[in-house]
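In the two complexes that follow, chain A is the common piece, with chain B as its partner first and chain C second.
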Partner chain A sequence: MNIQNNYQKNKKNIFFSNNKDVQNHREKLLNIFENDRFDKKNNESLKNINLKNFIDFDYKYLIPEEISVINNNQENSYSIVSVNGQCSTFKDDKIEITKILDEDYNDFSKNDTIENNDHFVNLNSLFLNSGFKIVIKKNNNIKIKISNIITDDDLTIFQKNNYICEEGSSLNLIEEYENKNNSSSNILNVIKLEKNSQLNHFLIQDNSPNHNLIITSHSSCKKDSTYTQKVYNFSEGYVRNFHYSELIEANSEADLQGIFFLKDNNTSNNKTFVKHLAEDCKSNQIYKGILNDSSKATYFSNTHVDQVAQKTEGYQLSKGILLSDNASYFSKPELKIYADDVKCSHGSTIGPIDENAIFYLRSRGMSKIAATKILISSFINEELSSIDDEQMAEIIQKKLVRYLSKVK
Partner chain B sequence: MNSETLNTLNSYSKNKYKYGFVTEIDDEKPKKGLNEDTIKFISQKKNEPEWMLDWRLKAYSKWKKMKEPKWANLSFPEIDYQDIYYYSAPKGFEKKPKDLSEVDPKLIDTYNKLGIPLEEQKVLAGVAVDVVFDSVSVATTYKGELEKLGIIFCSIGEAIQKHPNLIKKYLGSVIPPGDHSFSALNSAVFTDGSFVYIPEGVKCPMELSTYFRINAENTGQFERTLIIADKGSYVSYLEGCTAPKRDDNQLHAANVELIALEDAEIKYSTVQNWYPGDEDGKGGIYNFVTKRGLCEGKNSKISWTQVETGSAITWKYPSCILKGDNSIGEFYSVAITNNFQQADTGTKMTHIGKNTKSKIISKGISLGKSQNTYRGEVSFLRKADKARNYTQCDSLLVGNQCGAHTVPYIDSKNNTAVIEHEASTSKINEDQLYYCRQRGLSHEEAVSLIVNGFCKQVLQELPMEFAVEAQKLVSISLEGSVG
Partner chain C sequence: MFLEIKDLSVKIENKNILKNLNLSINQGEVHAIMGPNGSGKSTLANVLAGKEDYEILNGRINFKDNDLFDLNIEERAQEGMFLAFQYPVEIPGVNITPFLHSAINSKRKRMNEDEIDNLSFAKLLKSKASDLGINIDMLKRSVNTGFSGGEKKRYEILQMSILNPELAILDETDSGLDIDALKIVTDGVNKLKTKDNSFLIITHYQKLLDYIKPDYVHVMVNGSIVKSGGSEIAAEIEKDGFQKFQ
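== the complex of A and B ==
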């Protein structure tokens, strides 16, 4: 069923359908879809995507019967189970979890960092059917773990979450996406960091081949705040990781990192975009990918430095290892710089595993497969060893071992 | 230019042209606008055979259906293709300054700084005098030598008449007319350009340059150059001139095709210094150039070197298709933009054959309110086993109102190919500046020295006589914007 029909038929079940402003915005979006029919040729962010899954889909959403649970067993530590993208409300003196409201819908549509032609963000706004809002209150230091569960097959989740870190707060956020059923999620995270706050955001993605995950985030950092994001993509299904960051006040920092492990016919599209809009800000964008079999990946990174953003430091790094003849990797590390007192650079490499290193290990009696596995592990060791959380490090280590066991 | 050449030029310029003048004034005034009649007119004027006209008309019909490529980071008013002369106006039709005193003194100043002889200055400034040295006669001396070796070096118009087989085989084989709208436009209306054929096993003994070719003065705005290097041959070709050149044509859309067969090598060097417009960004040339080289045979090599300092808009991506096994593609570029100039330049390396190698060194310098973009694509196709690429693109920003952008596209479909890309953007190092100033250099001199050092890696790839002039040119381009 096409987008227009899907929308008209399910209008009632979509969030905020009664709000006039929202409705008007959605009419506009429908027009965009009418006029720009996912033009693959002129829109490189659609590269390698099997569009059929996203244009002709059957909209289906179920309001979860089981209510999600919020656990607060340890002090300053919360674990949340979000069911079909929904979460029950919760409030104490440190955090507040609520449903998203009409007014949260619009705070994003006016932002121009995400281009108008990002169809997947537009789809998210159009079919919005779930989401929650988490506020971390002033000067608190807490840890949250969110497990995302989808109850039934064929569900299409369009979720929007708002995270707000108030002044001086610090949050460790771990999100798990481990769906085994045949469904798809389109998630948009809008993150706001107030003065002197900090957010460490981990995303662990490990879905089955039938699950499509589209995840987009937009973070904005105020004075002295730091946003760190680490994505670990072990999914066997399609994943799109698009992450945008805006450094809007001085001395803020954004760090967007990711590793992806692909095999079989899987594809993954990745994008990071950092916009420097104030002085003395720093950014890092580092993505590493390992591609086996016939997998395909793209990575777009972009550093935009505004004219006022003097003393900027912005670095990008992209590394890809191709393990098989049929794998392909496309990377486009972009710099757009309008200020002169800056230090910006990017580096990008794509290639096979270093033959000399393999030779070295083999001459010491190791089999070729064992040598390959050791070298892959060392390729991403830096990222893995930087994980402070022991429990999480263990989880990721296990997933890595599972991936390596399939490498021949 | 070496001293030998200068001597020859001087000796010829002293003598009056013995054989009298043929000043042809066309009866027909050139018509503005692009349509089939214009193309027929051009073809007829150039006495072209039927098949050439058909080729042009086919390209025109393709152009009609095409839109200008819009992806470049450039902004300019829409080009009105119907408001352009497609056949250069006959002599006497243009308004030419009568002597050097009528020429912009700033321009003369620049000529002097570059050390260009007076007679040459007149040619470059387009002065309508009788005794301008005649490149015809200079060319003939060289022509004899080239002919002995079997090298064909003539205008493309002449080649269409005399070497139709080569033209039929190779013209449009690297840049098909339907590639994009500017290539289609050029294919439909090109009027001049060079044709070079180097026979098997011949190493061309001198740097070939448009400068020595007949009619070099009117290279025209739609230039078409075709260079074919047969098996085992070598040629080095120079295009352009370090001296700023006035031109009434706003739009330039040249096409350059290179073909290197087995074991052949082509080195193509460009210095582009067209009129960039004034300090307020008014006027200036739009330079939309398509340059593409095909390494057809095994072990062939194509090397592009460019110094881009002129034009209001530069849209230029000299690229290499590395088809033959073990072939090599190189790209060295310096792009300097000042005032309101915009440059979107880079390269495209397509690795098709095994063991193909490419190297890209790009240096961009932005000053004033200019925008400078490097845009490059490196792609390894499935069969490009053990292919190798190294890319380095550095940008330097002088002043806080300019922009420097880097947009590389990297695509690998082969797991034995290795690709490395690095880029950096920064301003001039304060420490270096301090060091130079401490030793008595003025601020401007210090900046010029540092920038020259920044570009050295590229400038040293230029042929000797070009390199010296290019260094001066870099310094001149920086003038007035530093401090």
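== the complex of A and C ==
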């Protein structure tokens, strides 16, 4: 079913459909889809995508019978199970979690992303059916783990989550996406960091081959705040990771990192975009990919330095290992600098595993397969050894071992 | 015969490098190959270790009663062959200690010997490193990463002493070493010399041979051994250069 028909048929079940402003906005979006469709030629970020899956889908959403449980077993530590993108309400003196409600349209219906013509974000706005808001209250230091569960096959989740880290707060957020059913998720995270706050955001993605995950985030950082994002994509299904960050006040920092492990015919599209809008800010964008079999990936990184953003430091790096002649990785770094006192760099290296290193290791008695595996592990060693959370390091290590067991 | 190279011809990218080369080494012998740049010395070392970039045109190599060409790179190492690289490869992210531990155990496995446990290996490594004047902190680093030229060579000798090979091929181990480092490295080699271990030492200069006394010296020019004899040849080369052999 096409987008127009899907919308007309299901609009009553989509959030904020009764609101006139939202309706008008959605009519405009529908027009964009009518006129622009998915223009692959002029939009590199659509490279390698099987568009049919995303244009001709059958909208289906089920309100979960049992709404998620929020546990606060340990002090300052919360675990949340989000079911079909929904979450129950929870409040204490440190944190406030609210599920999306029709009256919250001001919070949820705005398009907060830097890029206005992102079709997948527009689809999220059109079909929004789930989401929640989490506020970390002033000066609290907490940890949240969110497990994202989808209950049935063929569901199309369009979810928007709002995170607010109030002044002086610190949040360690671990999100797990491990869906084994045939469904798709289009998730938009809007993250606001107030003064002197910190968010370490980990996304572990490990979906089955029939699950598509499109995840977009937009973070904005006020004075002295830091947003760090680390994405670990082990999914066997399609994943799109597009992450935008705006440094809107001085001395703020954004660190967007990702590693993806692809095999078979899988595809992953990745993008990071940091906009420096104030002085003395820093950013890092580092993505590494390991591609086996006939897998394909893209990575676009962008640093935009506004003319007021003096003393900016902005670094980009993209690295890829191709384990097969049929694998491909397209990487494109971009820098737009309008200030004159900045330190910025970008680099990109993609290629097969180093044959000289393989020879060296084998000449000491290691088998070719063992040498290959040790070199893959060493390629991401820096990222893995920097994981402070022991439990998470163990999870990632297990998934890496599973991926390596398929490397021949 | 421990190692026998018979009529070996090898090419790479349409260029013939080794031409009907013959060389025999018995157990416990130290052989030195000297030759000018581009004579094929490193190619010989790489072919012996099993590097796959070369095309073998003719000839055979027997090693410990095996046809060497039947063994892949790691099998040669596990059978007791060791190449100390002229340019040791930097491998960031691969820690030296587990790498060497895994290397020694792969050899022991092939020899049907019990694997060496973590504690025993740590002790062995510490004592060998100390013999070679290698700082323990260096063992916490990644393989060859950020090492100076001298450190890399010293580390090659450390690996050799841990793996205790039956045939060690030293490819210009003396290059880039100052006199103190050369002494430490050659002391390490001399400590390994027994009646069962053989060495093939590739070098440009006689200096190395002042410290490691070879039983035989061969002159290699244009892909072939053109003269063999005792250490007097090294002195001859030191005096007159390679010109007269070409």
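Assorted remarks:
Here, the second predicted complex is superposed on the first by the 395 of 408 C-alpha atoms of A that agree within 3 Å, B and C clash if a C-alpha of one lies under 4 Å from a C-alpha of the other, contacts with A are read in each partner's own complex, and residues count from 1 in each chain.
By our rule, contacts are C-beta pairs under 8 Å (C-beta built on N, C-alpha and C of every residue); 3 or more make two chains touch, one makes a residue touch a chain.
Please read all numbers here as calculations on a predicted model, not as lab measurements.
Once the two complexes are overlaid on the shared chain, A:F359 sits against chain C while remaining clear of chain B. By the touch criterion stated above, A:D56 is placed in contact with neither chain B nor chain C. When the shared chain is aligned, chain C comes close enough to touch A:K368, but chain B does not. In the overlay built on the shared chain, the residue A:D21 is in contact with neither chain B nor chain C. When the two complexes are overlaid, the chain among chain B and chain C that reaches more residues of chain A is B. In the superposition on chain A, A:D153 makes contact with neither chain B nor chain C. Of the two partner chains, neither chain B nor chain C is touched by A:D264.
In the superposed model, A:N381 lies in contact with chain C only, and not with chain B.
The part of chain C that touches chain A in the complex is made up of residues 49-52, 72-74, 76-78, 82-83, 85, 88-89, 91-94, 99-100, 102-104, 106-107, 110, 142-143, 159, 163.
In the complex of the two chains, the chain B residues touching chain A come out as 382, 395, 397-427. Taken in their complex, chain A has these residues touching chain B: 307, 310, 320, 322-325, 327-352.
If you check the complex, the residues on chain A that touch chain C are 354, 356-357, 359-368, 370, 374-375, 377-382.
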